[in-house]
Structure formats: C-alpha cells, structure tokens
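Have a look at the structure that comes next, please.
Each chain carries a letter (A, B, C and D) given by its place in the written order, and its residues are counted from 1.
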Amino acid sequence: MADVVDLPTAIRELVRDGDAVALEGFTHLIPFAAGHEILRQGRRDLELIRMTPDVLYDQMVGAGAARKLVFSYGGNPGVGSLHRFRDAIEHGWPHPIEIEEHSHAAMANRWVAGASALPFAVLRGYAGTDLEARTRVERITCPFTGEVLAAVPALNPDVSIVHAQEADRAGNVQLWGIPGVQKEAVLAATRSLVTVERIVDELVPRPGGVVLPGWTIDAVAEAPRGSQPSYAHGITDRDNDAYRAWDVVSRDRDTFTAWMGEHVLKGQAA
Amino acid sequence: MADVVDLPTAIRELVRDGDAVALEGFTHLIPFAAGHEILRQGRRDLELIRMTPDVLYDQMVGAGAARKLVFSYGGNPGVGSLHRFRDAIEHGWPHPIEIEEHSHAAMANRWVAGASALPFAVLRGYAGTDLEARTRVERITCPFTGEVLAAVPALNPDVSIVHAQEADRAGNVQLWGIPGVQKEAVLAATRSLVTVERIVDELVPRPGGVVLPGWTIDAVAEAPRGSQPSYAHGITDRDNDAYRAWDVVSRDRDTFTAWMGEHVLKGQAA
Amino acid sequence: MSSTETAPATTGEIQTIVAARRLTGAKVVFIGVGRPSTAAILARMVHNPELVLVYESGTIGAKPHRVPLSIGDGELAQTADAVVAVPEMFNYWVQAGRIDVAFLGAAQVDRYANLNSTVIGDYDAPRTRLPGAGGAPEIAGGCGEVVVVAPHSTRTFVERLDFVTTVGHADPDGVLGSIPGAPPEGITREGLGLRGGGPSAVITDLGVLQPDPATKELVLVQLHPGATVADARDKTGWELRVAEDVVETAPATADELAALRELVAR
Amino acid sequence: MSSTETAPATTGEIQTIVAARRLTGAKVVFIGVGRPSTAAILARMVHNPELVLVYESGTIGAKPHRVPLSIGDGELAQTADAVVAVPEMFNYWVQAGRIDVAFLGAAQVDRYANLNSTVIGDYDAPRTRLPGAGGAPEIAGGCGEVVVVAPHSTRTFVERLDFVTTVGHADPDGVLGSIPGAPPEGITREGLGLRGGGPSAVITDLGVLQPDPATKELVLVQLHPGATVADARDKTGWELRVAEDVVETAPATADELAALRELVAR
C-alpha cells in the first residue's frame, strides 16, 4: 500500500539529485505543487521527462534544476513560446541543458513499453525527418511482412509523479477526465508519487475513471489545487489567464527570478 | 455512422463463406445471438478467431461451420472440456479443422497490433515451450539492449463481431464491465458488427464504460439477451447452469445435433 | 443578419472561413489549437454539424462551445463521445488511419509541404528554438489528408527547411535534397512508407496552394478577395507556381462571418 | 465452533487449505478458476484480508463472496478495485512483474515443474486435446513465484511432458531433454530469459513438493495427515526425491474448515 504522507516528506523521500524524474499529465492534472516542492527542496541535476514541458518545466528549467530535458512538445499551449526553455536551449541560461526530443507518438509508446517491462516499442514514425538523426530511434524489420518500422526505447524513470483527483486512505488513486499517459508513467517508474486534490473515505467509480491501486504507488500526498494553473477535471478549472500571464513573466530573466522567489520558493506547503 | 439494422440483415451483409471471423468477448458479452444467426444462414468454411472458444465456438465447430480455429484457451470455464472442439481435433468430426493456437498474452497483443495497423507485436513469451514450433511466432532482437523477445503477427479479421450493452440511434456503442479485447477486435477488423442489449436515445457515460463511436462500426443490431448464456454486466446474469448443462449436451454427437436443431437452427430471430 | 451592417472579413477571418469550408464533406478531423480549432468548430456550426472533432489529448467527438486555449481543456473531455489515453489516440486512431483530415500549422513550409516546427537556424545553436514535433510527424503520416494552415510570408514559405520535422510530399524529384537518407533522384512519401495521402492544401491569409497531382509541388490555385498573384509570389521564398485558372475565394457569407465572430466572442 | 462436531477434512479440502496458507504473507495473487480461486478467497477470509486477487479477465482487487465459476463472473468486476482490458492485464501487470504469486494447474507436471495443458499424446494426433495455454506461459514467466496445484497421480506427475506448454524450472541439467532448442547440458529458466522466480511449490492432495534450491528438482517436503512417502512415490511418475525431514501438514483448523465449507456452500 502507498504511504499517505505530506508533500514535503514525499519529495524528500523519493526525489534525489541527479534522478530521471517524470512529472506527467497531458494538458490536464499537471503536478505543479510537486514540481514546486522539488524546487523548494533544491533538487539539482535532474533529467526531466515530460511529453509537454508546459509552464511547469519552464519554471524548473529556468530555476536551474534540470541537467537534461526529454520531451516532445515544448510550447505554452495556445499562447506561444516557453521562454525559459528557449533561453536555456538558445543561450544556455541559467546553464546549458542537454535535450532529447521525440514525437508525441514515440513518447507515448516509450511510456507503454516502460509500463510493460519491454525494452522498446514499435511504431510507424520518424521516416524522412531530421528528428531521426537527433533522437533515440532505430529501424526494425517485421519478421512476418518485411516492413521496416521505427523502434524507440522504453522510458523507465527513477521517479514518476502525477496528480489525480482522489485517493482513499489506503493510497488507492482515481483520476478522471483526460487520462494522458499518467498510468503508464507511474507503472514505468522505479518510484512513484501521486498528489491528489483530496483524500476520501471511499473511491466511488466514475465514468472515465482510471484507478491506480495503492500497492503500485510508493507515496500519496494531498495537494489541493495541486495542478493549478492546469486543472483537475470536475474540481478545478484551467487558469487560462495564468498561462497567458506566464508569457509576460517568463520573457525576462529578472522578472522570472523575482516571480519564482515570491510565488514558488518562498511558499512553504504546496 | 453505423447502420442500425436487424441481426439477420447484418449477418447477411457482413459475413461471407470463407471469411476470417472473430466473435470476441472475454468471458463476458460473448455474442451468442450473432454466432447462432451465422449458423442459421449456413455460413461455411470460416476461420474462427477467439481467445476463448467457449460454448459458442464449440457449437459453431460442432455444426461444421469452421475451416480453421485460432485461439488460446479451448475450455468450458469451470466445467471442463469443450467436447465438440475436442471431437473435431481428436476425431475430425464433423470434418477435420485446422488449428492455430497461441497464449493469451500473444493473442491479446496480436489484437493490439491489429488495431494499431502494425504488422506485429512484441512480448516476453514462448521461450522454451513446444508452442513456439506450433504457432506463428518469431524471435526479434531489441536494437537498444540486444535482448531477444517474441514477435507475433497482427490479427486483422475480415469481420469482427462483439456484443455490448447499449447503442444510440447513430450507432455509437457503450459497453461496461470486463472489457476484454472487444475494442481491439472491432478496430482491427475490415468489417464490424456490434450486437446490443438495447438501443437507447442517449448513451450516458458509465464507470468503466468503453465507447466505440458509430463511425468506426459497420453495423449495429439489437439482440436482447444476445450474449446468453454468458452475460451483459448489469443487464443479464451469467447462466452457469447452461454452461454445466452444455457438458452433457455436447458429449454426444446426436444429442448435440438434436439440441442445435431445436435451440439454434430452428429459431428465427436471435 | 444583413451584411451591410457587418465589417468586412479580415484576412485572418477569411483564412479561417476557407479552412472551415474544406471540412464540408469531411467525417473526422484532427485538430490542434488556434486557427484550426476555430475553423473546425465553425465548420460544425455552419457546414457540417456531424463533423467529428478529434484532439490529440484523447478527446474523440468533442463538441466545444468555445474555442479551447489548449487541446486538453476540460470542455473537450466533457463533451466528447469518448476520451482515450494518449497512447491509444496515436496507436488505435491516428496510426491506424481512422482520421480523414488533419489540420497542421508550422513555422516553415517548403514547396512540397514538408514542415518545420523544431528550430530556426542550426539545431545545435538555434536562432529560434520552436516547440518541436508534438504529434505532427505521425499525424501527417497516418491521416487521410493534411491541410496546412500558415501565414503567407517568406519567413514561413522557404526554399529549404532548417529542419524537417514533418514530411509532407517529401522530395519526389530530388530538387530539395532535404530528406535525410533520400537518394539524389528523390523520394516520395510512399517511398518513405507513409500511409496517408499527405497534404492536400495549404491555406494562407492570401489564398490556397495545392500540390500538383503529378509533381506534388505546391501550386497557387486560389486567391482570397483582394489578394494578387504578385502578393503571393512576393511572400513565397521559392519561385511559386501559379495555376492557369486561379479562382477567387468566394467572399465570406454573412452567416459564416456572423458565426465566426460569435464563436470567437464566446 | 467446536471441531468435535465437524467432519474431518477431505484430501481435497486439505489441499485447498494448504494452498490458502501459502498466501498468508502474499500481497498480490493471480488466480484461475477452481481450487486456486477457492484457496485465494479462503486466504482472504482466514489469513490475509488485505490479499489482492487478480484474475486474467482484467479484474484487479476482486473481492468475490462466492467462488466464481468462470474467471470473468460479474461479481469479480463488480467488486474489483480496477477492471482493465486483457492486453493491459498481460502487458502492464503480468509481464511487468507486479504479481507476487500465481496459482496454476496443469494436466501434466514434470520433475522441474514444467507444465502441460495442451495435449496428451501426439500434437497432430492427440489422445486427449486439452484446452491449451491460456495465460499460463506468460504468467509463469512474469510472476514473482508460481504455486502449482495438481492432483497427485502418475497421470499428472510424469517423467516427460507430452508437450511443454509452460516452463517451470526448464531442464537445468539436461536430464529431460524436453526444452526445445536447449543444449544437451541443459538450460535454466533464467537462460530462457524468464524473469519471475518460477515454481516455488507444487501442492497436491498428498503433500507439498518444492524445488531443491540448487538443482531445482522437485522434492517432497511435506505430507498431509494420513499420507505416506510410499503413497507419494507410487503416484509420481519419476523417482521422487524425498526430503530428510518431511514435515507433516498441520491439520485443518476448525476455523479453516468452517470457513472453507461455508464458502463452498454459498
């Protein structure tokens, strides 16, 4: 069964300097509170894995916590650039970072392979693109048809962190709405943490509900509004204004640093 | 959008002699009514695909409709043998049939590959077994780790038929309870039919609900109690007595033939 | 509503309206955020109420009332016929070829409708780092056809992409030499194993380009009201081919414009 | 309840009770129908109320009140913590090694606990066609340990399987020569790339066999009340190894027997 603990304890026990860490959530249930706690605890030299880095990884990259970024789409959806992500790649600020980029289809299949304890996944992809020379993909031949397809390596991070709506006291988790790759990320990782909007006495099955049994998770931590400015379907709304405002905050290094000091690093609990 | 038609029309339009036909449903939602209609229409020479042949394929094999059987477990669950299946394989009655057998894991992954338009799937399996020489499996090497794994060919039947609880008038389908491989079977097939317990004005999302949009299905046919003696979660119960009784009916060729004449072939609508 | 009371369509509005019209006969469309999303919702309002909208967040048959800011807004999940996980979306739906039409944008487009959304300048020392591939390569590989929506300028319509993120019609005659591993005589998208039909149109704020059926090179076939062939040539970074019979885009109807403005204002 | 009023345990009952006891410290058990299912439900009633039952139908954490006839009975889905599709069950849960213990049956068992559930006689001209592999090969490949439950008879415990459906401890010294493709000096399950620990016990109606830690050959280590070493030798189709200190199975307690009988009667 998962340990139900407070967020600082969970991060302290599960996330170490140098870890490959995935904070997943595809446009929905992005674990901001957990990411901020990682920054408050001063974790460094992380390999940050996420299909869509979004504002959260912009903050973590800008704060200098990342050694490497593994991703498939580094934009501020509907708004524009992630300026800290760009500044790190274009100008090496606050320090240079390594990048490893894929397509969404490849990342999604890498998660599936990781959750399945397979070393690789197969897809129709990458043929003819310049991505192929810049990422980890090999060609593989179908032993039945002779067709040549793409093989991509499994993702198996040291730690995966996702956010969900609810957990019960035994650490069983339910999320609903857009499910993304959260189940895969948790199952593919060596260690896992789920932050939740609320702890309930009993999980009531919901339409679209994805349940992660507590025995597959290391820790569960309550973090109300823990995916804001993204959202938790049925509980919080996506704060589109915050995404738009981030475009302004993040353009300038000093403005960014001041904002982080005030809104993230000074805060105590999530 | 799927055509909502009566069952005899659907079978007439979709199932042809010689087709590779999958009637799927893993212990739940087994499409008995559709299988019986195939027999009433006298279809012959079929390649019958199903993970668990169950009583339905015992009937279809015993009735002489199958040229070939593709499966992974040919038993009467909790009861014992499928006597018609055994009689066909052991004694060639009513005529010899070809068999191609796999493990459940391989069949499930063959369905996934079929639904994904991939020619094969990869799994950890078959190593050291006599199955490997008797089925369609090849070895494949991971281009990243050098590990040797099993590759199995995709399943892409001419027709897949599944049973579900509900459809709306546009042919959108929802099933719930044990989902098996029904979604994969429908998506992997060239043509598809879903029989349903009832047509409703609107599909209300359910916990565990799997929705197949009408535009991915060729035909939907109403067939109340159409998965009996298996069951439709929340609507009908599994008729365990019928499964036990089948053991007696199916042991003897004449008893079987008489039973089929009376209960299946004479019936008109499903 | 009388058109005499309505301000004329802007070039951006006409671009959206032309994109929406292309969905009149479509069954299932795959869309990202921004103008393509607006166009698809407009198509459902005006031309094709049965159109199925698919977003890569896993929402199939979404019926948004407002234009979503992200492809994962809650309203999309709330109104969808089905919501699936991202691996299923790409494997069972996109890769399996179940989508008729996909809308894609890009920072750079070449004459064969290949797309760059990765980087401007050198990959290792980028002038501008763009968001990256996202779903585009496999969407363009698997969907029935692709409609590219992009602003007409020499920054976007370039002789040679800085980076091939997404293959459109590849390099069928070896003119560009930009497809990695391709032989000097060129390679087609079929030759690369791509299954969908590839780009069928590029809709800009000036007009519409379509691939020549034989050579696959983009040809200007349509101009929006007020735009000229000279404009299009000026704003294209290669010597633009122009059809003999360039048609003028039918003006936005009062219904289209009213619906679009009402939608954007929601 | 006083044991003096209770009929003594049958050999079948003691087999089930011994199987249930093995789950006292387990976290997650994978079970098929029949005796293993009864044993696992009994374990939840008597020894280990937190035990997670997983059935290959996709029901994780099922809490059946009655013994299900099939592995897909509605009560399993109704009471489960999570219900998943069959591909997910085999890929994310079984193959990924998330299950501690799996119970398996078989028509034939050899001295290395390899299993046959495919055919008696020749594959192409079978004397008895059995149901086939089902989930067994990959369950035995991926789960932490496997407990085999089978009736003790020379029909079941055979020198050489007619067909290797499921690998237990393979043929580590080349004694059997039954693993296809294995070298004459033998092969281990690790050598075949199997990840789980393999069979840890075979529970029969006479006693319990366990693999020798070094040689992996099954050794009789436990006898149920009333059974003798001679019985076990007689009913084993190879020269059965017997531990120096065979222990006698603790008799069924009144609680165990009452719970089992109550369960079966439900």
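The criterion applied here is as follows: a residue touches a chain if its C-beta (ideal position, glycine included) is under 8 Å from a C-beta of that chain, and two chains touch if they have at least 3 such contacts.
Predicted model only: the values in this text are computed from it and were never measured.
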{"item": "Pair joined by the larger number of C-beta contacts - B-D, B-C", "value": "B-D"}
{"item": "Geometric centre distance via CA averages, subunit D-subunit B, whole Å", "value": "28"}
{"item": "Whole-Å gap separating subunit C and subunit D, where each centre is the average of the chain's CA atoms", "value": "58"}
{"item": "Inter-centroid spacing, subunit D versus subunit A (mean Cα positions, whole Å)", "value": "40"}
{"item": "Residues of subunit D engaged with two or more neighbouring chains", "value": "91, 95, 142, 195"}
{"item": "Touching two or more other chains - residue numbers and ranges from subunit B", "value": "112, 117-118, 123-124, 147, 183-184, 208"}
{"item": "Graph class of chain-chain contacts, one of line, ring, star, complete, other", "value": "other"}
{"item": "Pairs of chains found to touch, sorted by chain label", "value": "A-B, A-C, A-D, B-C, B-D"}
{"item": "For the subunit C and subunit B complex, residues of the former touching the latter", "value": "27-28, 50, 52, 60-61, 81-82, 91-92, 95-98, 142, 195"}
{"item": "Residues on subunit B engaged by subunit C in the complex (per definition of touch)", "value": "1, 112, 115-118, 172, 183-184, 187, 211-213, 215-216"}
{"item": "Subunit A - residues contacting subunit B, complex", "value": "117-124, 136, 138-140, 142-145, 147, 149, 151, 153, 205-209"}
{"item": "Residue ranges of subunit A touching subunit C (in the complex, touch as defined)", "value": "26-28, 51-52, 71-75, 77-79, 81-82, 85-86, 89-90, 101-105, 108-109, 111-112, 123-134, 147-148, 177-181, 183-184, 208, 231, 233, 237-238, 240, 243"}
{"item": "Subunit D to subunit B touching residues, read off their complex", "value": "33-34, 56-59, 68-74, 76-78, 83-87, 89-91, 94-95, 118, 123, 126-129, 131-138, 141-142, 163-167, 170, 179-182, 187, 189, 192-195"}
